[in-house]
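Two complexes come next, and they have one chain in common, chain A, joined by chain B in the first and chain C in the second.
This part shows the complex of A and B:
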């Protein structure tokens, strides 16, 4: 089954390019640490999901590119075409002349309805190219105007027009010290709307990825390309094909469906985060060797201590003794506290993946009480290595990871809202104070629900 | 991609405008190697087939034939505009886009605004409509003028109302040169205050510029270039003000170097909209992020570096110096010290070979020494454009919505009051049809209301300072108690 990607705004398009590039180069990587037949099946599965075939053999990404101004899309299209290995469909983009001005209201209330038909037509055409559709992967940022506002609008439309298909939104959380001054307003409006129309929100924080670039990848002068490439690596490790069941040798057909089934048992809890291990600059790969035991021990500690990467993990944090309730309700301020999960999915790729021991992830103490570990935890194993990492593990987690960042954003937005700063820019385009208040209410409810796990 | 139209009004406006167009051509020439008329060029220029007579002949793609500036030049005297039309830029301007007169406004806002305003309203509308028709997607009007005279101040602000009514969706960005205290036009306080009311009510964004500040900046650079020590090390084409040889020879006219700075600000402002970069910033984002309340739309600007040394390697410390300079009072284009006042919002527009990590590092470094209003502690808007200005490898334009504009306004009001109390020169204004004393009192109360807004915000700063002081006192007390033996 195929996934149709919708890339929105500057961020969405820049990241989208890196994602397709990572998926393609991984699937055509010669060092899969597996048999040739295995490799071919992997390639074919990846292709079915993400690329459609073109006459002269150059695969076309199953993507629709949307932006309200042309510069980024032009850049993205030409970068892909230049690589010569894959490209975007010539007619798969929608562009306007004037951006959304970092204004969620403009993206949602003006651009949305104005361009609804054209954009949905493009998406429809892309869907028709698929034999069967698993769902939509929508890449957008929260801080700007197009990705956030138009993204929220389009997701709602997808919910109305393709109600049987799944929608997963890849959201970029902005840097804490502003990229955009009204980013907190744009973020809360986006999140509250997406919570109603999206099936799952996969979140990446710029701050976290930045640290990975600095500490693990040893990049001195970090650019957005670097950040996007790390992001693409993490997404690729989740979305590349995996075997459908323990011991099977067929790749699973419905990646989005399976992800949702495993990770989103309850609609109140939709926020997912990815952790990846190991992550290092490519030229260090040859000199590193890992054991599954070592990798999984770190990954588990990353989960329970809410670490974003394998360096600087706090080993003091321990799960509460089983049978006893967690020590006090998790308050947002308390630090360090144990990160309770609703559901976890570990994806193992590489040599001897079938032999790795995951008992550590099955402890009831890691999970909230209303799900048994057998329902809350799943593991997907594949022998074929990812991007020449002999062994690599990805953790997709629905847990308390995002409580603190979310609470921070809500707090800052509220602070600004109380002074009424910038509100005139939103009411100008039909987003009223009630809409803000509704968003605050919804998000505070979500924070509370996650805190009370 | 969008287009912008520059409207230059009055002597000052046209002189600055002239520098702007010269720089814009040079900048695009440096970037556009193939001579193709591209979208970046189209933001400020039309491509016209010079052989076609009449108004047609606009070419939208392909090779550059003849570039025409998207500009409207207005002056009630002919001197400056004639000079432009005889100078090296004569082919860049469409002779149909000029509005001139011979008599001048006599440094009288009322003459500029009321007399010439009504006389030329139709013509002005016609030229503006024409220039808008030539645009695929018109986003912004850049108005350049001075506040102290008659034409720029009076007619320039009359225009704002016309633009607001005729093109409500298009942004009005005004670059206003405020009179310095040593200004030789006696009635400049009257003209400025009357103009301020219009700016507050009809402009989307105002960049106030002070002649004295520009002059101080030029003098400092002059000193460096001519002192011999640093002079040889300055890269010849890298002065924001003018070329190094020109400064050395002092051949150029006195205001040229100052006007060049302002022209550079306008170019940097629009660079991220014209050229690509990893974090774009469009013109409509400026207003969205930097104007928290409609009336508070006055932005203090600073541009760095003002010259580049011939040093090829740019180690991070040099880059960091660029960021520090942007916040020093010596680089602001009005007399202000933003560090001592309160920030409502700040935008950093970076050009050239600078990455997000450099930007973040410097924000973290400078943040503690700056005071931001309580509801916007992380009030930073950033952009990264890959194309640097001509002769530089990188540059930074900082736009701040900061209460440090208040002193400029206070001083203006004081100078106004001194004149108005004695009713000096008032009859020149009152004899103009449509002018009465009410106009003056309304204008001054509009300014007072604005100053009050800034006062209220500054009051919150006092709390921050008090909190800080209290915290420091408590810390010290605790430290003292720790030292006492036996505790």
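This part shows the complex of A and C:
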């Protein structure tokens, strides 16, 4: 089943390109460490999901590109076409001549309704090309102007028009020390609106990915392109094909649906984080060898201690003994903090993936009391290696990963709101103080729910 | 249990061979039918016949011929379920309820239960309809048949965290959406097949092939299997016809089986009835619901009384005489009309002779108006109006819930009510 991607704003379009590129190059990689037949099945599955076919054989990404100014879209289109291996559809983009100046309310209340019909028409055309639609990826930043306001509006529209299709928003969480002064306002408005109209919010934190680039990838001058490539690697490691069941050799038809069913059925708990292991520069791949036991031990500790990457993990954090509350559970700010999970999905790719032992992830102590590990934990596998990593593992987790960052943003936004700073920029375009208050209420509720696991 | 007596209307043709024929016909026409030997053994309450009869009863009682469910249940669970299903259908024989659940005994009681089911209604016809070989592509049944009792499943163990319930409900909703997407895909593909095979069907009123027919033509092996399935179904149908011709003999024989049972133990007080157990905390909830119902009735009475009194006062003033009686009649007619309209809007209007049951999907070219069968546009119209009715009911119920919640929240002054996110 196919997934249609909506790339919004500068952030969404740049990341979207890297994602499609990573997916394509991985599926056409010669070193899959598996049989030819297996490789072909993998390729076919990836293609059905993310690309459509044109007469001359060049695959076209199933994507709609939206931005309020033409520069980034043109760059994205030409970068894709340059490779000669895949491209974007000629008529799949929508852009205007002028920007929106980082104003969330303008994006939501003005750009959105004004361009609603054109954008939804583009999406409808892309949907019609799919034999069967699984759902949508919407890639957007949380704190920018166009991407965030317009993205919230478009997601709402998708909910109205395609109510039975799934919606996953890939949200870019801004740097803590970001440049946009109203980024906290934008963030809370985006999050609260998306919580109502999206099915899952897969969060990518800029700070975390930046550290990965610096520490693991050894990049000196980190550009957005580097960050986006790491991000694309993470997404690819989740959504490339996997076997449909333990012991099966057919690829799963609907990863988006399966993921959502396993991780986000509860309406209050929709925030997901990704961790993956190992992550290293390409030229180091040949010199590294790993065991599943080692990889999974690190991944489990990353989950428990809320580490963002495989270096600098705090090994002191332990699961609570049964019957006792975990250390520092009640308060958000305490360190070290045991990360309680609601549900986890582990994806294993590579040699002997079927033999990897995951008992460590099935301990009841890792999970909240109202879900047993048999319901809360799932695993996907494939023997086919991902991007030439002989063994790699990814974790998608619905847990307390994002409680602290969310609480921080809400706190900062509230402080600004208390003095009514910059509010007029929003009320000018129809986003009233009421809307802010509703957003605060919703997010406080979510923080409380996650804290009370 | 009443004994079904069939009068021998002078027919003396009940020779010794007629009974084996009847039993053979019955066993051939039942799906998963046990051999005739099982029937004979059951009359004498032989233990080896019991497990086959438990299996048969399970199959016969499952709402949709749930073949898959039987694999996942052990014999004890199956036996328990059969007992509860029979009792909710009204089968009252205590001897059945007393049977041990390991499937080792009771073949005579099971035979009696089976015959009771057979005698009650068109059981054979229903079973045959369930397992028909379908040649055409079918629209799923338009009526949503609600299951009268829960199928074999899990029993709840004690209090459950509401978050778990919300989790499960969310999973159900996601699966529902996945099902809707899957159906959309299915329809698109069916449409393609129908378009591509137009002109290939021998029957011109159908015009195109269905998936089953296409598969049968594509691969001779499929064709062979289809033929075999049809032949098997034919055999069962012929057996059913034979059964109907000679079932009288069977019922006479069943009388003797009933006679062979030991007389009923009159003291039923010592035996526990097989009513479904109500766990303790549920009993409290039932009481709550009963009290709420009483409260609603009182509220209705309180609301209605003053209105009625006011109306009486007004009407009383109108007095007698031709004008009074005329206006009364007009009012009565208006009320009748409104009631009829209300009733119509509540009941699903069955529409112009809409036959129940599955329909074959036939795609016709424009201009060739199909004389028989339903038009898709009609069906869509009917479904839309049903949907509108149901949505109206849903909104009303949601409004009631919201009011009730607001009332409860208002009763506690220190409580701040935050409604959940959602539009």
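A few remarks follow.
Everything below uses one rule, namely that the second predicted complex is superposed on the first by the 448 of 453 C-alpha atoms of A that agree within 3 Å, B and C clash if a C-alpha of one lies under 4 Å from a C-alpha of the other, contacts with A are read in each partner's own complex, and residues count from 1 in each chain.
Rule of thumb we're sticking to: contacts are C-beta pairs under 8 Å (C-beta built on N, C-alpha and C of every residue); 3 or more make two chains touch, one makes a residue touch a chain.
As the structure is a computational prediction, the values presented were derived from the model and not from experiment.
Look at A:28: by the touch rule set out above, it reaches neither chain B nor chain C. Look at A:164: by the touch rule set out above, it reaches chain C but stays clear of chain B.
Using the contact criterion defined above for the overlaid structures, shared-chain residue A:72 touches chain B, although it does not reach chain C. Once the two complexes are laid over each other on the shared chain, residue contacts for A:412 go to chain B alone; chain C is not touched. In the superposition on chain A, A:260 contacts chain C only, with no contact to chain B.
Using the contact criterion defined above for the overlaid structures, shared-chain residue A:425 touches chain B, although it does not reach chain C. By the touch criterion defined above, A:362 lies against neither chain B nor chain C after alignment on the C-alpha atoms of chain A.
In the superposed pair of complexes, A:297 makes contact with neither chain B nor chain C.
Applying the stated touch rule to the two superposed structures, the chain B and chain C interfaces on chain A have no residue in common.
Touching chain A in their complex are the following residues of chain C: 161, 163-164, 166-171, 173-175, 177-178, 180-182, 184-185, 188-189, 418, 420-423.
Considering their complex, residues 1-2, 39, 136-137, 139, 276, 278-280, 282, 284-285, 287-294, 344-345, 355-358, 360, 363-364, 367, 374-382, 384 of chain B touch chain A. Those residues of chain A lying in contact with chain B across their complex are 10, 14, 69-72, 75, 97-99, 101-103, 145, 175-182, 210, 213-214, 219-225, 227, 412, 415-416, 418-422, 424-425. Listing the residues of chain A that touch chain C in their complex gives 1, 131-134, 163-166, 192, 195-197, 199, 254, 257, 260-261, 264-268, 369-371, 375, 441-442, 445.
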